[in-house]
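Both complexes below contain chain A, partnered by chain B and then by chain C.
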Partner chain A sequence: MSLELHGTVHRGDFQRHVDVTADNGEVVAIVGANGSGKSTVIHTIAGLAALADGSLIVNDTPWDVPANNQWVSPEQRGCGVVFQDVRLFPHLNAVQNVMFGLRSGGVKRNDALERAMETLSEVDAHAFALRTPASLSGGERQRVALARALVMKPRVLLLDEPFSAVDERSHADFLQLLPRIVRETGAIALMVTHDHSDVSAIASRVVGL
Partner chain B sequence: MEIIAPDKRKIAVRRGIVDKAFRGVVTAGSMISLIVLALIAAFLLYRGFEVFRDFGLKFFTSSKWDAGADDGSIAPSFGVAPMLVGSVVVATIAISIAVPFAVVMALFLCFYAPRFLRRPMTSVLDLVAAVPSVIYGIWGYAILMPHAKGWAETINHWLGWIWIFKVPVPIFERSPFIAGVLLAIMILPIVTSVAREVYSQAPQDQIDAAYGLGGTRWGAMRTVVLPFGKSGLVGGAMLGLGRALGETVAVYLVLNLVFKVNFQILASAGGSVASLIASRFGEAGPYELKALMAAGLVLFIITLIVNFIASSIVNRAGKSQR
Partner chain C sequence: MRKPSTSLGLRAIALFAFILVALPLLSIFIRTPWSELGNIASQKTTRDALFISLETSVIAAIVAALLGVPLSWMLARSTARGTSLVRTICIVPMVLPPVVGGIALLTAFGRRGVFGRFLYDWWGVSLPFTRTAIVIAQVFVALPFLVLAVESAFRQLDTGLEDAARTMGASPLRVFLRVALPGARGSIVAGIALAWARSLGEFGASITFAGSFPGKTQTLPMAVYELVATDYRASLVMSLILVVISVGVIATMRDRWMTGAQR
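Right after this comes the complex of A and B.
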């Protein structure tokens, strides 16, 4: 499996040409200054923004090729996204947030609950499974957001500054956990980060914007 | 160690003349509407007080509405129980039908309708809300009732074993069901309009988050849009309910006013406080007029309560989304 993005990403008035390639089992770091389009790349791959031109091809399937009018909708792409601003659903508790993608995909409630609790345990967030986002700290929310993306066993894992609010110990744990999950599932992970130690610790490739 | 909280600071704000003038204008504006409301209530209470005093609680529980004889041989007797029950029954039917349709229409307009269709459909909906109720009444009587009669017969045929769908005599015209259907059509635009407004403000980043996690469009609606708009929708439904409770002419034309408490919605008997007032006002004597004023006050208070509940729910919704 491979991901190849060559084209112009845009959001509003912002436009930028980018070239991103990644193979399965790989963690690719996307680095760059503020406003350089890192989050827009994540949104484009997730299908939340369309390419202005060029192509996004994943595993030989064209996800977004404007010239040929080819487009795969977000829910069919099988991505898992951790957003920079987390975006947990405020009226659902942590475990319900994690169950969302599974339930949308037709997984039965009990199975979804079991898998969600397992994933919350993996990111050390099971203790606050029944709490709503408003009562969680920034780091705790990020753990839940990570669990919400990982539980789907996504083909493409998109992480927009996923560890910015977690404490040092958890940060170290996540740096071990993430490459392991990516290896085991054969997924592709693209991670936006400003932290150079993250890049050197887990990224096998770096894309600079 | 004892912790002593500091005294509350008093902050004095010195406002400019423009600020003061603007404050005066908006305060006066809001006070005028309150004063008008209070005057209406006071007028109704003043005119209806004698009836409340004479009949007490019986005015709310009795099913008899008799102006009595002019020579005093038959004493007048007034009670609004069937009309109160009728108002609630008809309004409940209207809300039960209108709200699901309003939700579907609002979701369609916000998220599914093609761009070229969105604006004209919204304009038509707003236009429909402005149609006078007498037009609805005539349309309801001439066009809707013959069709709705058939629906009522079908419901009675299949669900007649449920008590509220039974009819004592097989007459299906001018029933609370037909009045409820007509009212549902009348309040549909306002409920849809409120729902559309609320749904269009659903946070896009949350919707994106749902899509980014493999959620379908329906998944995003169910998880983000509907919960976000839930309280706003309740507020819209309450506004519709307020209109349904107070609707006069349309209900009067399609409902058979009978002074008997009736919960059987397909039977040709029912009532509403508003249509009672409309039907009796022209020929009422001085004392019956007072009774109608008292009935008006009851309707006024019910409508106020419904609106108060609506605004509390909308306020609570605003706070919970912050």
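Right after this comes the complex of A and C.
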């Protein structure tokens, strides 16, 4: 598993050249000031924004090479994304949110439910599986969002400030959990963070913007 | 409690506007022959017209929803050239005199119409002056109301949720069904109710395209119109039925129309 992003990311009038490289089982931290384009990098890798030029190659597959008109849609990329603004579906409860991607991939309801509950347990969120996002605290929502991204066993895990609202104990738990999952699944994790202790705790590589 | 500060002049104008709308409605209540209400309401002409109105308007509201909700979604999300033109054409029936709509439908789907001739020549189908024609006329007139309400709700939805669904492998159809539809549910219900109420009151396009045959294509508004000259009291009772239904719809849905997609 490898990821190579060399090119210009853009959103609206904002443009920036970035170089991001990641290998099997790595957690890569993306750091930088506000407005430096960290979230745009996450969106570009997820397929929600396109490169202006350059290339994004994952496992030798060109996901986005504008010069050759090569493009893989976000539905086909299979990235697990934890968005900065969480983006849980408000009309679904926690476990239904986690099941959403599995059901989209054709997993049967009962199997999806079982896997979703397992993943919620892994992030210590099973206690509020039946509650809707509106009734959860910021930290609880982030746990559910993390479970929703992890349940798909993604090849590329994209985390945009995933721990900004969780309490200290959970934060410490996640810092142990994340590298373990990435190692076990052979995935790549790219994590936007402002927290230098996160970087030194789990990142094997740092990209500064 | 703090009183809102409005000028006396503005209040007088507002009161006049309210009276302009409320007085005619109130007059129907005042003049309705209440002692004969049961008798007139149970007459065959009234029962038939009410049944045809309810049957066709409910079918029209369902058809308008099945066609109008996907159309609203396309209009809300499409970036293709010509979207604006399509939207304009779709809402034209809203401002078109309904009788002109009826003429347009007759010209399109009449037995010798632009498209109707093929329906008749190939399959022997003749639409004008049937109950199906009423439904088509009602959908034609009511669809823009639904589209305006629902498109506005889709536009207000957080596209970030749709993006999140796509990263989870959801197809465009699944994004529409499982993310957009629930998000706009309140406005869709309101749009359907509005389309139904508009269909129930439809007169001009229906009478032109479907005629007014008692027991066959005569809806309640058509019966009201025909009875004005011959049996004013019966037309008052039928009008009362329509007013009560309309007030009921508005009272139930008022909050949803006022607040758009949030409910």
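Assume the second predicted complex is superposed on the first by the 209 of 209 C-alpha atoms of A that agree within 3 Å, B and C clash if a C-alpha of one lies under 4 Å from a C-alpha of the other, contacts with A are read in each partner's own complex, and residues count from 1 in each chain.
Please note the rule applied: a contact is a pair of C-beta atoms (placed from the backbone, for glycine too) under 8 Å apart; a residue touches a chain by one contact, two chains touch by 3 or more.
Treat the numbers as computed from the prediction; the structure is a model and nothing was measured.
Following superposition onto chain A, is the placement of chain B relative to chain C best described as a clash or a fit?
Taken together on chain A, chain C would clash with chain B, as the superposition shows.
When the two structures are overlaid on chain A, which partner does A:87 contact: first (chain B), second (chain C), both, or neither?
After superposition on chain A, A:87 lies in contact with both partners, chain B and chain C.
Determine, under the contact definition given at the top, whether A:14 touches first (chain B), second (chain C), both, or neither.
neither
Show me the chain A residues, by the header's touch rule, that chain B contacts in one structure and chain C contacts in the other.
Residues 46-48, 74-75, 78-81, 83, 85, 87, 89-91, 100-101, 104-105, 148, 152 of chain A touch both chain B and chain C.
Show me the residue ranges of chain A that touch chain C in the complex, using the header's touch definition.
Contacts found on chain A: 46-48, 73-81, 83, 85, 87, 89-91, 100-101, 104-105, 148, 152.
In the complex, go through chain C and note every residue touching chain A.
By the definition above, chain C touches chain A via 158, 160-161, 163-171, 174, 178-179, 182-183, 185.
In their shared complex, at which residues does chain A touch chain B?
43, 46-48, 74-75, 78-81, 83, 85, 87-92, 100-101, 103-105, 148-149, 152, 154, 158
Which of the residues in chain B come into contact with chain A in the complex?
Touching chain A from chain B are residues 205-206, 208-217, 219, 223-224, 227, 321.
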